[in-house]
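Listed below are the structures to be examined.
You will see two complexes here that share subunit A, one where it goes with subunit B and one where it goes with subunit C.
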Partner chain A sequence: MYGFEAMTFNIHGGYLEAIVRGHRAGLLTAADYNNLCQCETLDDIKMHLSATEYGPYLQNEPSPLHTTTIVEKCTLKLVDEYKHMLCQATEPLSTFLEYITYGHMIDNVVLIVTGTLHERDVQELLEKCHPLGMFDSIATLAVAQNMRELYRLFLVDTPLAPYFSECITSEDLDDMNIEIMRNTLYKAYLEDFYKFCQKLGGATAEIMSDLLAFEADRRAVNITINSIGTELTRDDRRKLYSNFGLLYPYGHEELAVCEDIDQVRGAMEKYPPYQSIFSKLSYGESQMLDKAFYEEEVKRLCLAFEQQFHYGVFFAYMRLREQEIRNLMWISECVAQNQKSRVHDSVVFIF
Partner chain B sequence: MEKFVDNLSPMDLMRSEKMKLVQLIIPVESAHRAVSYLGELGLLQFRDLNAEKSPFQRTFVNQVKRCGEMSRKLRFFKDQIIKAGILSSIHPVVEPDVELEELEIQLAEHEHELIEMNSNSEKLRQTYNELLEFKIVLIKAGSFLVSSDNHTVAEERELSENVHSNHSYDEASSLIEQEMGTADQPGLRFISGIICKSKALRFERMLFRATRGNMLFNQAPAGEEIMDPLSAVKAEKTVFVVFFSGEQARKKILKICEAFGANCYPVPEDFSKQRQITREVSSRLSELEVTLDAGIRHQNKALTSIGYHLTQWMSMVRREKAVYDTLNMLNFDVTKKCLVGEGWCPVFAKAKIQDALQRATVDSNSQVGIIFHVMDAVESPPTYFRTNHFTNAYQEIVDAYGVARYQEANPAVYTVITFPFLFAVMFGDWGHGICLLLGALVLIARESRLSTQACVQTYHV
Partner chain C sequence: MAGTSMVADSSSWSTALVKISPYTFSAIGIAIAIGVSVLGAAWGIYITGSSLIGAAIKAPRITSKNLISVIFCEAVAIYGVIVAIILQTKLESVPSSQIYAAESLRAGYAIFASGIIVGFANLVCGLCVGIIGSSCALSDAQNSSLFVKILVIEIFGSALGLFGVIVVTMYVETCLELFSPDDDLLNEK
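Coming up: the complex of A and B.
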């Protein structure tokens, strides 16, 4: 019953909710980011991070640091926390936690297939994969020739199998088709996740629907902008939009016929939540759109923590941590390349 | 009223010690020594005067970084020693203290040496493991091929009549070539190799799907745990042989082997050739073993010599880091070339602290003495209880609930009686009590020996 979760949630989910709220208290604050932005070298960043929760992960790295090492170790911390939570979870929380990682699995699959197409070494590609999205036999993706084989040989065993029914074709894998495949898979994943949350009901359904709807809308806008000027037809574009979210179905109709950014802006400004994002950008500018979307997402994710006894906190925490790692990567790159002035271009403060 | 309170006899553990706020003005050359002597005394709590500054805006940040770097190297040594399985000596060698800069140079040298030795033995170990796997594959796969040799040769004879091949081959071996042979050879071919047992099932399934079922997969366990050449992890392995036909299938199978981390080794058809190669491999293995052993002995010697000093070095580095962290709390006055610090100290310790500062001045050959004077304080002083070995345990338990305010009555005094009483009431068992008493007496009797071991913390209570 919605409203009475307090009676039963803590039986199975109480421990993990406490853990995840503890982790959330350890996210870097604006003061930390200010200090990090003032660092001159990567060693200063390491010293500052060793006073935060990342300390144990970075303390054993020898002195000439690289940005990739920092990012790798921070991601390792996220993976450790996730695995700990997954071990302790019962149904349906464990399924929920697994759903969070399917997005990364899709990214990994696409990465390996693209890499094989460009004749890269399999081991090298494996190192670039996101650790949360690894599954067994992922290395054998390199053998596939077309999508049908991809499905028959490997993906039928993975949780991604049901998402493939819409995109099995015998066409060979090339860059364009791989992108279409990625977006089709992601669309199916989002819809599946949405249905799962609706089934869970209660506060989880309400909060997760809001977050997933924002995600779906954001992807729709990104697909539109990225496919302006390519050979993707309007019908194909419409097929890639998810069938839920604020923009469904009328917004999608408008977006499908957009040919440049100003038309996109015109279509989006009819929706009040997104109007505020687009009003920050002046005409013709799309670089800041990413950052604006991230800021809006972070705001909504922080709001998810205001309510207790639902699973949305886990999703929100994972996303916030990923955003933090993105911030750290940007700061480290700016410091390493001596471009401190551009540091604030892309850092999104969480608190 | 105040005179009356001051003239009361001191109540020792019942109330916390009287504290005073003191200010120290230390010239730069005697700063390090003064702080380290005060640290050994343990009776002064410094206030952090640089609280608003970030960690890398403080004065001694470079030294702190160097200490951090040195402790990283020491942790690396400790890991290496544990990995090599050397027991640290119970009686560490006590040597006169080494200077920090010398220690840094020594540590860098040792680390460099260790990393070099590791990389050298790494290559040798890899070759050794590969040869070991090859030997096992030869032995096990040989048995497959002997049994299957009979009917595959008959099949081949049939095929060879129908096939017009332009190549000419040795008449000794049949037309069954190893997979290392030339391309497009018709007939049944095989690939032999070794793979982790945990992956064997998925591997077989993948091969089945990739070749649409047109293959035969035979496997046999390797019998003992082998170290994988690439990942250096001991795992149980299985020897496998895959029979297939066609060039496409070969390419696919090779890719799948690579993806699963299975190592493929060519096994000759002929039994005599097998025996010959097995003999060669065994002789190379024994040579490599000798070389590897020598390398390991050299490495162990280096590690043991480091191990003697390790605890001493670690405590030294920790102490230095603590000294520099404390120095960072002091205010550095550049014009007068001195450090100003504020702290709390108990009244009875004033003389000891002044003595320590005096020694520091003398030892560092400084012209100017350290100025030490008492200041008036607005805020409430911190609480300090002077406990001995016995009362320390009770004090710590009471502090876990909450530390008493300055000069508040200390509940720990009463717990000396009530805790054992309540504990006994809980157990209420004569025999149980005797066992606990005997256990406690054993621990107390062995106190001095146990306190030098690493697991001191658990025995403190």
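Coming up: the complex of A and C.
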């Protein structure tokens, strides 16, 4: 019953909600980022991070550090926290937490298939996979020749199986088709997640619908911009857009026929929430679009914490951590390559 | 008997209701007084306790202060016990000819109503204090200056249970003072 979740939520979810809010208090603040941006070497970064919650994970790393090590250890912390929460959770929270990782599973599958196509070593690819998206038979993906085999042999036992119904073809896997497969899978995943949240009802449904709708719209814009000038037809493009969100269905009609960035901007400016994003960019510029979208996403994720007794806080926390890891990666790369002037190009402050 | 003559012209439902012994009503009233109060207190304690335990992992300093929320919920159960004890001291045996007298019925109904009043007032009070206590623990873990401010809200919430106890105390005093075994009115047949 919407409005009365406060009476029964804490039976199963109270402890975990309190834990996730405690984790949120450990996210890096603007002051931490300022300190990190002024570091000269990666060892300085390690020293600053050891005063934060990342301390125990980085203190045993020998110098010289690499940026990939820092990112790997920070991701390891996120994975540990996630696994701890997943162990403690009961239904339906455990299903909800698992849904959050399916996006990473899709990315891992695509990574392995692409890597195999370009004849990379399977072990090397496995190391690059995101740890949240691992599943048991992932290493065996390397031998698939086309999508039907991929599905029949390996993916039918994974949680991703229901998402494959739209993209089983016998076409061989090549770069173009793999991107289309990734986007089709992600579309099916978002719609499934959306339906699951609607079924949960109450505050969870309301808050997650907003966050997922933003995700769907952002992906629609990115797909449009990335497919301008490629051989992807309008109908194919339309098929990759999700069936929910602020842009569905009229915005999708307009986006499907866009041929350059200014037409995209024209289509998006009819929607007030996205108008404010696009107004930050001057005409013809698209590099800052990613950062503008990340900032908007972070703003919405922080708002999810304003309400108690719903599951949106778990999703928001995972996404905010991932944003923080992206920030750390960018800062480490800038410091390692001595391009500190570009540090503020892509760092999104959370607090 | 006096009771049935009053409602001789009414429907059979009212006759049936009046024939239920006032002992039944008073016993149910006392049961509700303590049972539902304890339900409210327990509900409030688990709501606040689960959040408090989780939040205290990252912020151990909040544990001692936030036990106040649990104590407020517990107070609700104590109100229920006190009222149940007061009510059962008002129970007295009546000679069987007087069981359906107007005064006896009135006393039975008074104890029943008192039980409902205090039981449900404590139920919602316990719920209220529990939910606020949960939010208080989580906010205190993030920002310790918020604790005292949210505590004020909890104090207002716990007043709800007190209202129920006050009403019941006044009610049983005024409603039952007229009923006394030595009253001459009862000895009339």
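A few notes on this one:
As a working rule, the second predicted complex is superposed on the first by the 351 of 351 C-alpha atoms of A that agree within 3 Å, B and C clash if a C-alpha of one lies under 4 Å from a C-alpha of the other, contacts with A are read in each partner's own complex, and residues count from 1 in each chain.
FYI, a contact is a pair of C-beta atoms (placed from the backbone, for glycine too) under 8 Å apart; a residue touches a chain by one contact, two chains touch by 3 or more.
Here the structure is a predicted model, which means the values were calculated and not measured.
Shared-chain residue A:142: touches subunit B; no touch with subunit C.
Contact with subunit B, but none with subunit C, is seen for A:60 once the two complexes are overlaid on the shared chain. After overlaying the two complexes on the shared chain, residue contacts for A:21 are found with subunit C alone; subunit B is out of touch. Put subunit B and subunit C next to each other and count what each touches on subunit A; the higher total goes to B. Touch criterion met: A:39 reaches subunit B, while subunit C stays clear of it.
In the superposed pair of complexes, A:308 makes contact with subunit C only, with no contact to subunit B. Of the residues of subunit A, not a single one touches subunit B in one of the two structures and subunit C in the other.
Chain contact summary for the complex, subunit A toward subunit B: residues 35, 38-39, 43-44, 47-48, 50-51, 59-63, 122, 136-137, 139-140, 142-143, 152-154. Taken together, the subunit A residues at the contact with subunit C in this complex read 6-7, 10-11, 14-19, 21-23, 25-26, 308. For subunit C in complex with subunit A, the touching residues are 43, 46-47, 50-55, 57-59, 127, 131, 134-135, 137-138, 141-142.
Only residues 54-56, 61, 65, 68-69, 72, 75-76, 202, 206, 209-210, 252, 255-256, 258-260 of subunit B touch subunit A when the two sit together in their complex.
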